[in-house]
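So, here's a batch of structures to check.
Next, two complexes with chain A in common: one pairs it with chain B, the other with chain C.
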Partner chain A sequence: MKVRVLAFARVRELLGSAREVELPAGSTAAALWDELAKTCTGLPALAKSTRIARNGHVVNRAEILHEGDEIALLPPAGGG
Partner chain B sequence: MFAVVSEPIDVAAIAREVRTDACGAVVTFAGVVRERSDDDRPVTGLSYEAHENMAAEEFERIAAEARERFGSCAISVVHRIGDLAVGDVSVAVAVAAPHRSAAFAACEYAIHELKRRAPIWKKEHYTRGDSEWKTNPDRANSP
Partner chain C sequence: MKSTPAQAPPRPHAQSAWVPQGLRRYSRHLLIPEVGVAGQERLARARVLCVGAGGLGSPALQYLAAAGVGRIGIVDDDVVDESNLQRQTLYATGDIGKRKAEIAAQRVRELNPLTAADAIAVRFDASNARELVRLYDVVLDCTDRFETRYIVNDASWLEGKPDVYASIFRFDGQVSVFWRDHGPCYRCLFSQAPPAGSVPTCAEGGVLGVLAGITGAFQANEALKVVLGIGEPLLARLLLIDALGARTREVGFGREPDCALCGERPSVTEVAAEVADVSAPEFEEIDSAQLDEALRDAVLLDVREPHEVVFGVLEGALHMPASDLPERLHELDSAKSYVVACRIGQKSAWATRFLRDAGFRRVQHLRDGLLAYAALHPDFEFF
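Take a look at the complex of A and B:
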């Protein structure tokens, strides 16, 4: 299955703002993170501070992803 | 109005939009780019980015909470993204309520929660050419 990954701020600087990622069906958010970390050495250091949103809602790492999901990687916010 | 925009923010227009004849108070808050960082380095500007849909939805939730707590009549929240210079308005909150105490309280609540919760990021650029992502100290996802 394919999911669309959006990244912001520090995480975007590492991964680019948007990309499609191919994952085995039934993969979790944690599996997606691990897949991204394989090719991005700076990413593991941001694991604890980055929240993951699936289709606009923050989820935990055990969340099962589905074909066509929009997955957003959200580092600590700094708006205002 | 709950929006993330790329154009300059017109605070007066947002204030006009929330006002109704039932409201005796209109409070506006404008967040403005400062010339110095918290640690007193000279700043040339800020770059903002946002998850635009999630941010607008968060503004709407925050406004609903504020109305529930303070009973205000109308709230608008607009945040700008892109490259901003010193003096530019980055965020505006406007609240119209029958009386001023509710309007002040709701406005304070909205900007406080926005800074804590909204998926928006800012990078501070310094005169020496370096830059830094800034996080809000009381953000909801503190590690």
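Take a look at the complex of A and C:
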């Protein structure tokens, strides 16, 4: 299945703003993150602090993803 | 959470000091049915605490004061630095070196004599957070430190006050409202601060100046809505502002059952500085006065990114950007001694930890970076 990944703030700098990712059917949000982290050395440091939203709502890492989902990766921003 | 709009309770004994002299000043508010005389009265009675008077605080304070908020507390222990002026529009060149809280309070009073401003020139921390929050009705989180954001969240939550949150990173802004009894809290969204150095602050990573204005204005809008009890506050919603794409989006989020503050078994029952631990070094650290001595047996490893080199270069340093470190590690010798440095000491903390985890035993970290070293050495040109 394919999901569309949107990245924000620090994660956008690491991954680019949007991309499609191919995953085995029934994959979780955690599996998507691990797939992206394979080719991006900066991502693991942000694993615990980045939230994942599925179709506009923040979900936990065990959430099952579906074909065509829009996934947003939301790291915290600290500046003010 | 889509019930009636959340509203800060009115304060019954305040006086209507803005009538009649404010009728002309606030006429554009009085013409909006959603504000009107009753709304303006609510604003005049409202007490708002602004934690941080920097990039977000500048626009927020100006709109809150202009709108006629009756009392504004401004907490900031910092002084105006020349590098603030690119985005902190409350300050002028002549303010460099002066206390932000005091200048900001003065600007608020000049902008609107009907607004009282409290200059609180201390650091907002676990020792004073609840006491300060208790004195106001609404809190704005305009800080630039993750540690302080958790303190603002916890103190506001424990006191039952709305925490109007905003933060910025380069081209990205975030805005939300956390309020006990109305929605989830900051810890539900971000349970823990990122490891030190993994998410640069404005001082480390830079920020587009106008983004602070856009985001701080959104934040002021949320604070005014909460005071007025109108519209739909950003409760349980995170607004994402992308200045590069000129897009905004929102994501919903809910209360986390295992939230340390508002979950089923809370471990945070008092405001504490516990999250500050994330920046506590677990490696050897030296300060700028010790650098010359340390460099007799060690190489300075400059981990700034290539675009930062324009600020100056220390002679003899080995330059390897932190982002290249994982791929270029083989170019370093784990038997050698290194002092790891960047501009202000954040990125280098991450790099030091990375090297230590990669088996480098003889690494030291330069606390506060080359900028602090330059402050001790006027002949070293560094910015």
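The rule is simple: the second predicted complex is superposed on the first by the 76 of 80 C-alpha atoms of A that agree within 3 Å, B and C clash if a C-alpha of one lies under 4 Å from a C-alpha of the other, contacts with A are read in each partner's own complex, and residues count from 1 in each chain.
We take it that a residue touches a chain if its C-beta (ideal position, glycine included) is under 8 Å from a C-beta of that chain, and two chains touch if they have at least 3 such contacts.
It should be emphasised that the depicted structure is a prediction, and the values quoted were computed from it without experimental measurement.
In the superposed model, more residues of chain A are touched by C than by the other of chain B and chain C. Using the contact criterion defined above for the overlaid structures, shared-chain residue A:R10 touches chain B and also reaches chain C. Legend: residue contacts after superposition of the two complexes on their common chain; A:R51 is shown touching both chain B and chain C.
Applying the stated contact rule after C-alpha superposition, one finds that A:G42 touches chain C and leaves chain B untouched.
In the superposed model, A:P75 makes contact with both chain B and chain C. Chain A residues 8-10, 12, 48-49, 51, 53, 56, 72, 74-80 lie at the interface with chain B in one structure and with chain C in the other.
Contact residues on chain A toward chain C in their complex (touch as defined above): 8-10, 12-13, 17, 41-42, 45-46, 48-49, 51, 53, 56-58, 72, 74-80. By the touch criterion given at the top, residues 31, 48-51, 53-55, 57, 79, 90-91, 111, 114-123, 133-136, 139-143 of chain B touch chain A in their complex. The touching residues of chain A, counted against chain B in their complex, run 6, 8-10, 12, 48-49, 51, 53, 56, 72, 74-80.
Residues 52, 54-57, 141-146, 149, 166-170, 172-174, 189-190, 192-195, 198-202, 205, 207, 212, 238, 240, 242, 245, 249-254, 323, 326-327, 350 of chain C are the ones that touch chain A when the two sit in their complex.
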